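Below, each structure is written out as C-alpha cells.
You will see chain A twice below: alongside chain B first, and alongside chain C after that.
Entry: the complex of A and B
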C-alpha cells in the first residue's frame, strides 16, 4: 500500500480524479453555504449558478476557441422556454432533471444549426451575426403569443420536491427543504456537473484542438485538425451550457418572458467572462458572482448618493461596463489570468 | 395597393436611415478594421443632448446642430481615449471594448436622463400627403430624412473625392504605413474618421427619433440593421452600404407590414446569414474584385 503523499500525488496527476475531488469539495461548500443562508441569499446564489453555467460555456467558446458570441442570451431563452413549456401542468410529463436534459438537448440542436453557419465567420462578422440573433429571438416569443405567451411570458409551475431528496438533505443537515433552496440545489448541482465536464473537455484532446484552432488556424489545419468541426463542436458545447442555464433560470425566476432575454443578458454574460478572464472556468464563476452581488452594492451606493431607484439600478451595469473596458485596456487576461501571471512571475523571480 | 405603397415608402425612408447608420459603420471599418457596436448608444446619447437643448426652449434646429457637433466630438474622444490602444491588435479585444462602451453609455444615459420613454419633436409634419384618393405614406419628416441623408452623403463624397484632406484619409485607410511614410498624420486622420462616422451616426439617431419616442435602448436594433446593411454592401464600400441600407429598409418594411413587426429582427438575421453564407463579400463583391 503506497504512502499517503504518493497516493495524493497520483490523484493530482489524474485530471479526472483531480476534478472530481474538487467537485466533491465544492459540493460540500455549497451544501454548507446554502443551508446556512437565508431564502433571499439562496435565490441570489441560484442566479449566480445559472449565470455561472452560461458564462462557463461562453468562456470555453471565447477563451479556448476564440469565437465570440453575443447571442448566448438567445440560447438561454431557448432553454428557458423549453423548460417552461414542459412545466405548464402540476403533473409534468418529465421529472425536473429530465426537463433540464431536454432543454439542454433542444438548445444544443439549435446551437448546432447556428454553429455550422458561425464556423465560417470570424471576429466582427461572428459578433454581428450573434448580436442579430440576440435581438431577433425575443421577437419570436411575441409573435407566437398562443404557444409562447407573448410579452406576458409563460409561468413555470415547479413540481413537488421529491421526497427522497428532501429526506436526504434533512438527514444530512436537519433542515427542512424549501422550494427556493431546492432550486438552488438544482442550479449548483448542474453547475458542478457542467464545470467538471468542461474542465475535462478543456484538458483533453478536444480542448487542445480548440486552442490550436484559436492560436493559429493554418498550423492547426496542417496538423490535421478539421477547423470547421472543431469550431462547430465548441459552439455546440457552449450553447448546450447556455440552454441548461436557461432551464435553471426558468425554474428560479418561475416566469419566462421575452423581457428577460434582451440584448442586455447576452452582454452581461460576456462581461462575466471578460471580468473573470477569458478561458478560465474559475474566472467565469467569479464573474457570475460579481454580476449577482455587485448590483445590490451599487444600488445601495446610488441610494446613498441620493439617486432614484431606477437610476441606482443602472450604476451596476455602469460599473461593470467600465471595468470590462479597463480589463481589456489594462489587463486583457482578466482577474484570474492576471493573478496567475503575477503568481508565475513571483515564482520565477524568487 | 394602398398598403403596398405605404409599406414601400416607409421602407424607403427607414432604408435611408439604415443607410446612414451603415455608412457610419463602414467609415470606421475602412479606417480601423473595427466594427463599432457602440455606434448605437453613441447616437442615442447625442439625441438626448438634442432633447435637452430643445427642452430648454431652443429651436429644433439648434438642438439638431448641437447633437451633430456632440457626435463629432464624442467620436473623436472615443477614438483617442478608448480605441487607440487596441487598434491593430486582436480583433476580439476591439469588439469587446466597443461592447463595454455600449454598456457604459447605455447605463450613463439611464442614470442621467432616466429610462422612461420621452417623445422627441419633429420639425415637419408627420402626416402623409393626399394625392387624389390615395394617401401617400411619405411624410414631411420622411422627405426631410431622405434629403438630409442624401446631403450628408454628397458632402462625404465631396470630402473624399475632391479635397486633400479626403485624399489623406483615404490613404491612411488604404495603407497606414505607406501613408505615414509620405507624411500623412495617420493618427489624426483616424480620429477624424471616427468623428465623421459618429456625426453620421448621430444624424441617423436624430432621424429615427424624430416624431417618435426615445429611451436608452431605442437604437439597439438599429445597430443590428445598420450592420446587416453594411455587410450586404460588403462592409468595405460606402456606396454598398447605402444600397444595402435601402434594400434592407424596404425588405424589413415588407416583413413588418405583411408578416408581423415582431419578426423584423429575425428577418434581418436571416438576410444576414444568407449573405454571409452565399456571398461573404457582400452583394457587390464581384464588381469590387474586378475593380482591384
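Entry: the complex of A and C
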C-alpha cells in the first residue's frame, strides 16, 4: 500500500501544498473556536487576529531580513483610515473584502516609498526614521480635520453581513451570524491568507535572499543579491500586512482615531514579535494572543484579589512588563524560539 | 520527510474530525428554520442585583481627575446599597479602564456588554472614546445613560441613538450662556478664543459666536496631546485679546496659565466649566512648574460656569450629603469636585432606576428617562431637558467668579438649548432644592 504514504510525502515535499493543508486545518479550528465561544471572546479573538497579522508582517521584516521598524503602528493607521474613509455610508462603494484589498494596496504604496528610503538606513537609523513615522502619521489625521475627523476620528459604519456568508456559516454550524462574529471571521480569514503567503514567501527564493541579506551583506552581494531590492521588498510586504491589519482593526473597533495609533501600538507589535520568537509566524500569533488576553486576565485577577479599580487597571501594564522581562531573561529567543531550541537539543542528546 | 508524513497524518485526522463536527451543522438554509430568541429585556437584572458599568480613563494622561469620577459614583451606590438598594436590588457598578484610547474603549465595552452583561452603561467618559461605542450600544439596545461629556451628539438625534442620553450641559449651550454674559457685561472686550480642536471647541464656538461674533479678534486651537501651547497663547497676545474664552480640559488650563505667565500676558480669563476645577488645576500648575507656582491662587478672579454645587460650597445641602456619603463609603482621599460629579450622576441613575419601576427593563428605563419630571429635586442647578425628542442633559448653568477656590455667582442660573433657543432665567427652583433626609431620591415609577 505505497499509494497513500507516497501521496502524503509528495504533499509534504511541496511547500505550497503543505501550507495549504495547514491553512485548511487552521480554518476548521477557527470555525470551531469562533462558533463555540461567546461574543465577547469573539471580539477578543478579532483583536488577536489583527495584532497577529501585523506582528506576522513585522516578524518577517525583523526576523528574516534584519530590519527593525518602530513605525508599523503608522502603517496600521494608514490601512485603518483608508478602510474608515470607504465605510462612511451605509451603502459603501466596495464590499468589505474590496475595501480591505484597497487598504492593503494603499499601505503597500506608502510602504514602498518609505521602504526605498529605509533601504539606505541601517540599525538605529532605520529605527529612528520609522519611529518618526509612528509619531508623525497620527498628526496627519489631526491636521486634515475635515476629511480625517481630527482628534475624534472617523466612525466606521459596518456594512450588512452578506447573505451568502451568513447562509454558508449557518449551513455549517446552525448558528446565526452576529456582527462581532462576522468581523472575527474576516479577521481570521485575513490572518490565514496572510500567513500562508508569508510562510510560502519565507520558504522561497525570496525568503532565502532575505536571510542572506540579514546574515551577511557582503556575502549576499557577492552572491549577486541586490541588497536594496531585497530590503525594499521585505519592507513592502511587511507594511502591506500592517495595512491589512489596520483595516481589520477599523472594522473591529468601529472608530479610527489618532489616539488608537500612538507610538505604543508600534511598540506593542514589536513586543508581540519578541515575546513569541523573532522570525516565527507561530511566535507572532502567540505574542498577539498574550497581548490580547494578558491585560484582561491581569485586571480580572486584581479585581478578584479585592484591589480597587484603579489598582487592578494598573496591574495590566505591570503583568505585561513582568512577562516581557521573564521572557527576555529565561527565553531570550522568544517562546517559540526557546521551545524549538529545547526540542532540537532533546533530539541530539537522545 | 518521514516526520512530515507523521505530522500530516495528524493534520488529516484533525481535518476529518473538523469536517465531522461541521457536518453536525444545520445543513439547511437559514430561512427554513426560523425561530429567533426572544428579546432579553432585562439583562443585568436579578432578583437582588442590578449590574451596570462604564469605561473611564483610570490610567494614562487623562486619568488625573477623571479617574475620581467612578470612585464617587461607587461611593454613592454603596450608600444606597447599605440602605437596602433600589426595590431590594443592590447596584453593582463595574468600572473598566480604557486609558482614553478609543481602541481600548471598544474592547472594554464589548467586555462590559457581552461578558459582564451590564443592564446599562452609566457615565462612560470622553467624546472620542465614547463616540466609537455609541453605535454598538444602540444596536445591542443597551441603555447608554448620562455620558460624561458635553458634546451635543449624545442628545440631539434621539431617533438615531434612542438609547443614548447626555447629562451635563452641552458645550453649545454653555458657549451661548458665556457669549451672552460677555455681550451684556463686557461689550468693549476684545475677545480671544482658545479652543480644543474637537467637539468641545467646535460646539462652544458655535454657541459663543451667536452673541459676540463681532467682538472676537483671535481664535486659536490646540490639539489634545500636544502640550506646547505657547504659539497659541502668543497668537492671542499678538492680536491684543484682553478677554480669553477658553474651552479646554484642566491640563490645558494649567498649561495656558503657565505660558501666559511666561509671556507676561494678563487678559481676563474665562474658562469653561470642564477646565476650571481649581483644586486639580492648582495641583497640575504646581506639578508642571515643578513647584514654582503653588496652589490655585493663579485662578483667582477667573470667570467660569457651574451647574452643580462644588466641594467649596460647604453649606449647600447637596454638598453636605456628598460629604456624608464620602465619609461613610468613600475610598482613601478627600471629597473632590470630580467625586461630586460622579455622585450627582449616580444620584440621577438611581432616580431613573426608581422611575423604571419594580421590574426595570432596558426599554423601560429609557422611557422613564424620556418622561423625566423637570421638577424632581436633584443636585443639578438647572433641570434636565429629557423628552422623547431630546436626550440633552442639564439645561443650563450660572456664571461664577473664582475666589479662593470657590465660585461666587455673577448671574442667576440661566437655561437654554441648542440652536437658537433663547436664554432664560431658570424658574424651576432646581438650584434651591435639597435632597430628602435619607439622601436617597424619592421617585414614583412612571407610566
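For the reader, a short list of remarks on this structure follows.
By definition in this document, the second predicted complex is superposed on the first by the 316 of 350 C-alpha atoms of A that agree within 3 Å, B and C clash if a C-alpha of one lies under 4 Å from a C-alpha of the other, contacts with A are read in each partner's own complex, and residues count from 1 in each chain.
Basically, contacts are C-beta pairs under 8 Å (C-beta built on N, C-alpha and C of every residue); 3 or more make two chains touch, one makes a residue touch a chain.
This structure is a prediction, so every number in the text was calculated from the model and none was measured.
In the overlay built on the shared chain, the residue A:314 is in contact with chain B and with chain C. In the superposition on chain A, contact is made by A:329 with chain B only, not with chain C.
By the touch criterion defined above, A:24 lies against chain C but remains apart from chain B after alignment on the C-alpha atoms of chain A.
In the superposed model, A:66 makes contact with chain B only, not with chain C. Of the two partner chains, neither chain B nor chain C is touched by A:341.
In the superposition on chain A, A:142 makes contact with both chain B and chain C. Within the superposed three-chain model, A:255 lies in touch with chain C and out of touch with chain B [touch as defined at top]. Of the two partner chains, chain C is the only one touched by A:39; chain B is not.
Once chain A of one complex is fitted onto chain A of the other, the partner contacts of A:95 are absent, as it touches neither chain B nor chain C. Of the residues of chain A, those at positions 142, 262, 308, 310, 314, 316-317 touch chain B in one of the two structures and chain C in the other.
By the touch rule above, chain A contacts chain C in their complex via residues 5, 8-9, 11-13, 18, 21-22, 24-25, 28-29, 31-32, 38-40, 43-44, 47, 142, 145, 150-153, 155, 157, 166-167, 170-174, 176, 179-180, 249, 252-255, 257-260, 262, 296, 299, 308-310, 313-314, 316-317.
By the touch rule above, chain A contacts chain B in their complex via residues 62, 66, 68, 70, 117, 120-125, 127-129, 131-133, 135-137, 139-140, 142-143, 262-263, 267, 270-271, 274, 307-308, 310-311, 314-318, 320-322, 324-325, 328-329, 332. On the chain C side of its complex with chain A, the touching residues are 1, 4-5, 7-9, 11-12, 14-15, 18-19, 21-22, 24-30, 33, 36, 58-59, 63, 67, 70-71, 74, 95-97, 100-103, 106-107, 110-111, 113-115, 127-128, 131-133, 135-136, 139, 196-199, 223-225, 331.
Those residues of chain B whose C-beta lies close enough to touch chain A in the complex are 29, 34-35, 37, 82, 85-86, 91-97, 99-104, 106-108, 110-111, 114-115, 217, 220-221, 223-224, 227-228, 231, 260, 262-266, 268-269, 272-273, 276-277, 280.
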